[in-house]
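These are the structures, in structure tokens.
In the two complexes that follow, chain A is the common piece, with chain B as its partner first and chain C second.
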Partner chain A sequence: MTVRAVGGELASPPTGRLLPRRLLRLGRFWPFVPAAVLLVALFFLPLANMVVYSFWKTVLFRIVPEWTTANYVRFFANETYLRTFLKTIVMAAVVTAAGLAAAGPFAYFLVRYLSRRWQRVILIATIVPFWTSYLLRVYSWQIILGERGFLNQALMALGIIHEPSSIFVYNNLGVFLVLLYVYFPFAALAIYASLEKFDFDQLRAAQDLGARPDQAMRRILIPQIRPGLITAAVFVFIPILGEYLTPNLVGGTEGVLISNLIVNFFRAAQIPAGTAPALLIALFVTVLLVVFRKYLRIDDVVTRV
Partner chain B sequence: MDVLEGMPVSRYARLTRWLFRLWGLIVIAFLYLPIAFLILFSFEDSRTIGLPWAGFSTRWYEGLPQNPQLLQAVGNSIMVAVAVAILATVIGTMAAFPLVRAGLRFPNAVRILVTMPIMLPGILIGIALLIFLTRVFGLQLSLLTVVLGHLVFTTPYVILIVAARLQGFDRALEWAAADLGASPPRALREVVLPLIAPAVMAGALITVTLSIDEFITTFFLIGPQLTLPIYIYTQIKFGVTPEVNAMATVLLIGTLGAFGIGAAAYSQGRRLLRLRRRRS
Partner chain C sequence: MERSYSRRDILRMGVAGSAGLVVAACAGTSPTPSPSAQASASGAAPASGAASPSAGQPSASPGPLNFLTWSDHWSQPGLDRAKTQAGIVVNITELSDNSDGFVKLAQVHGQLDLVSADALWVPLYFDNGLVQAIDINSVDVASELYSMAKQFTFWTRPEGYLGYPWGWSPIQIAYNVAQVTPAPNDWQVLIDPKYKKRVVMENQPTDIMLMSARATGAKDAYNMTDAELATAKDWLTKLKPNVLKLVSQNSETVAALADGSAWLGTGNLGMPDRVKDAKGPQVDAYVPKEGSIGFIDSEMTVKGGQNQSRVIPYLNIAARADLVAQNFIDNGRPLFNEKAYQVLVNNGHKDRADRYLYNQPEQALNMTLKGPGGRVQDYIDTFNSVFGG
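Entry: the complex of A and B
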């Protein structure tokens, strides 16, 4: 096959044999190779390896390569484990719902009532906490909710309670509050990103055509910002499934989530037993990502933080 | 540019506007109150934190530079973050090019695979790598294993950020450079890289922040050393003290300062570059 360009020979005709097209295509991928090696060697292979381990036995603290489903069976047979797993999912769902309910009106406020310049200022102010240490943000709530914390002192000063109460921290409520605090910026960012693109004249048009405000909202606004809502939900829901620090620091014994159990398994050197619940989370996350892949606007969140 | 300004506003609309403003205020207060308290109580004199206020003191700050464990932890954290930032930024930036330009057969599948390490909770990366590196390869846990762990979730961030920038990139500029006789490496160096530099910078900055802040993967992958989050964690587990608050405040101001300086230096650098070009 001779290569000819319009108007004569190519400036520099290809020397030697032309590479087969497939090889040429492959050649263009070479900059991706280091990243691919990194992700395969340090992420996908370790995960696959963990799947294998989860089907192996532990005998006297030693891992024996014998196939068994005992790790999963034991997990599902134990009421405490199962309850903690389900509770983790419920907690993630509740925080997600609260996060959307708080972030929706907030994003709407930004888009509708502020100038571009102020939108950017407030948005940055919303993201700045994300740039500060996660550990310290959780810790700061201990100062507020703890027994000698600000909330208790304020309530005592107002005469509402007479002794410092520990109902605010080291329980599920504390975990809920702190998780909402930590993941709110993601939700706000994702919803803002989709609201910003929405043309609000459409709402007015719908109402001119006789739609009630709630109808216009449901049939015009919500469908168009659905990707933002789903992205927000996913970005709040998924990390909570693997949340360790918050329940560890403000959850007490009541607020334990699944990751705390996993860490305990590892502390007790029961590695295969610990991998079973971990893989359940991984499976759950993967299913969510695949189901919602069409709606996910990960770039909206990741490239803006 | 208040959308509703200049129009006859009903009482109902005015009420909604105030409600939304109030909500915005509540949200910002919710986000910043804990941080404010954190800083406030770093200046408290008494050993145990809480009201009533025992008196103003900067003694917790004065103690910080004399704490060898803390200094070592900070040193380790910076070392890890720099190594992770360099590797993740180079590998991630390279990977973004074929992702956007090479006409992938299954772009969505590749995208999901690249995002998986960001989306999967860190605890999974931590334990999967722990088992893999120590049990399969018999590696000793050290700062090196921490670097490997951090690379897993920071590299995808760089890939996505640079890819987003490349997507909006006008390739005609590159072709123009080639037409004018620039070799591909030269076009890359003088046309493409300066244009995607903001994204590369942002990627590196995010990598540093994520690495310095990362607790859970570090928790699983670190050997006998300490990084800053691990050190702070052990301190918090001891109890709430103003010393932790002082540390937190310094860290807070440090992160934000670095972020601000980075952004300022970057825009200043561009301005200088433009000036120099104009002169020559």
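Entry: the complex of A and C
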């Protein structure tokens, strides 16, 4: 604040007016208050509660405030949990890679070869299934992939198989297929938003200057849509780390992911024992986001999706 | 004349609107305690400590009855009748298993009024101050029960009876007669390599651990020693390749047996008829010779439930013989309402009722009853280490 000189002397700051100004400045933040209250009440406090629970014990199905690290030790001491967590990461990575591989050409085709009108039609068709519940969509895949499902009937009608096969569901393949289906639109929309802003004349210019098509793609296109690719990867990879429903419904006993094991603790009222691995996954996700933070600027997320 | 709004005006209106919505939502979700709940909270409960039965009388309480239960403990006709006859609106919340119910009730207390639980879980609820005893003999509809159902020692306390008895069943193995030969009579059929991916079980890790305890001859199914736990784990490891899927509801087991994708399944009494009703193949069922686990379940009055005065009037309507008889037809396992057995006999269902032991309630005491175990985390770890990725 500038203090003006009055009569050649420095005037003492008018304290009576300073306070309201400060308050006024603070007052600028009041529109943020409802969101802050919601964040604190519905996110930070429950999260803090979970952190505390993860260091407590369960005695006779009641949470007892006695401090222990046993819940974390259990996760690292039992090979199953680490193996299943690793398997979850691999599943998330494979689905993400497949999702990007499928969504990239799809979005490229839309932007490059279709009119605006048809782009809109196809994009809406891509997201229409999201107007129904997640549970229903996964259940329908149970029916499609099952022994008496559409896929088996079609393969039998084509003479490719002679009796119903159980290889499509209740295993890792079933989980992979359904996760790919569920998360494909997230990847497609993120990449489409990136490609839509890309000036394709640059590709032509690169080729005019002697670049092969693959070089032009690699050196001109991909670097410019990289934020979209990263956004797509993050939006597919991270939610899969916490996937419970899909492996539960179509994974059988082979397609189990880490969340399915954690839920068993909660269902048996062993909340602290379940909370610790859940927080470890959250920590892992946070580390990933920190690693990718330079690629995932907030305006990328807001403007591209 | 159009009025223009500044950005500040719009922000202010947005905040005021959202604050108003939050206040309205909070007001809408905090029901006013009924007179009965206030009486209960202030300690003005009946002198015996048991819930007061206002048999068949509509409660003065304005709120709905909040009921945490399994899907086979209620029916739409029962809810409709409670509404028309006594003005009782019932909110059902589905329960997955006993520990789930215990944790939920411990967290929400008076937001629920009536809760279902199995056998030895019931005393745990009571000992933790979550439910209160009732004077079972003063409940109108209890006169329709088998007398033995009103005398279970594990539900009897000086304060009264801990719950209203509902149904019971051992866990059986149901099998497709055409596919599973010779006819099995034990748990070991589930680990026979012939039946790879042909077994369906409910996804209840603790129950599956108890089954493995029975299958491997553990002395105390709830407190297996480390050696017994290791044997049970070996058995589960052999079981895993045979399990097609772990389902969340028994109806999914019935569906899998009916469509032929599964040949063996575990579940309550009554599965053969339910599979037949679903147009499935011929299925038979048995209690494994090594013994089985089972449940006797009850409806418990929540201590401090805001609308608990509606519990007994509701039971007096929804637990009547005709509705219970229909419940047996729909769900297959026997219930403790003796008068309903007469209804079944009179309606030509004697054969079905007798096949599922409806007229032999004393058999309920021959099972290892479901209850809270002592080594739950070790059981979950063992289950997870077999069924993990």
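Some notes on this structure:
One rule holds for everything that comes next: the second predicted complex is superposed on the first by the 266 of 305 C-alpha atoms of A that agree within 3 Å, B and C clash if a C-alpha of one lies under 4 Å from a C-alpha of the other, contacts with A are read in each partner's own complex, and residues count from 1 in each chain.
Just so it is clear, contacts are C-beta pairs under 8 Å (C-beta built on N, C-alpha and C of every residue); 3 or more make two chains touch, one makes a residue touch a chain.
Note that this is a predicted model, so its numbers are computed, not measured.
Taken together through their common chain A, the two structures put chain B and chain C in a clash. In the superposition on chain A, A:F198 makes contact with neither chain B nor chain C.
In the superposition on chain A, A:S140 makes contact with chain B only, not with chain C.
More residues of chain A lie in contact with B than with the other chain of the pair chain B and chain C. Touch criterion met: A:P105 reaches chain B, while chain C stays clear of it.
In the superposition on chain A, A:L257 makes contact with chain C only, while chain B stays out of contact range.
Contacts of A:P31 after superposition: both chain B and chain C are touched. In the overlay built on the shared chain, the residue A:F284 is in contact with neither chain B nor chain C.
Contact with both chain B and chain C is seen for A:I271 once the two complexes are overlaid on the shared chain. Of the two partner chains, chain C is the only one that A:Y170 touches; chain B does not reach it.
Overlaid on A, the two complexes show chain B and chain C touching the same residues of chain A, namely 30-31, 34, 146, 148, 271. The part of chain A that touches chain C in the complex is made up of residues 30-31, 33-34, 58, 60-62, 74, 78-81, 83-84, 87-88, 146-148, 166, 170, 248, 252-253, 255-258, 261, 264-265, 267-271, 273. Chain A contributes residues 25, 28-32, 34-36, 38-39, 42-43, 45-47, 49-50, 53, 63, 102, 105-106, 108-110, 112-113, 115-116, 122, 125-126, 128-129, 131-137, 139-144, 146, 148-150, 153, 181, 184-185, 188, 200, 234, 238-239, 241-245, 249, 259, 262-263, 266, 271, 274-275, 278, 281-282, 285-286, 289-290, 293, 298-299, 302-303, 305 to its touches with chain B in the complex.
By the touch criterion given at the top, residues 11-12, 14-15, 18-19, 22, 96-97, 99-100, 102-103, 106, 124, 128, 197, 203-206, 240-241, 243-246, 248, 259-261, 372, 376-377, 379-381, 383-385, 387-389 of chain C touch chain A in their complex. Note for the complex: chain B touches chain A at residues 1-4, 17, 20-21, 23-24, 27-28, 30-35, 37-38, 41, 48-52, 91-92, 94-95, 97-99, 101-103, 108, 112-125, 127-133, 135-136, 148-149, 151-152, 155-157, 159-161, 164, 199, 202, 206, 209, 212-213, 215-216, 219-220, 229, 232-233, 236, 240, 244-245, 248, 251-252, 255-256, 259.
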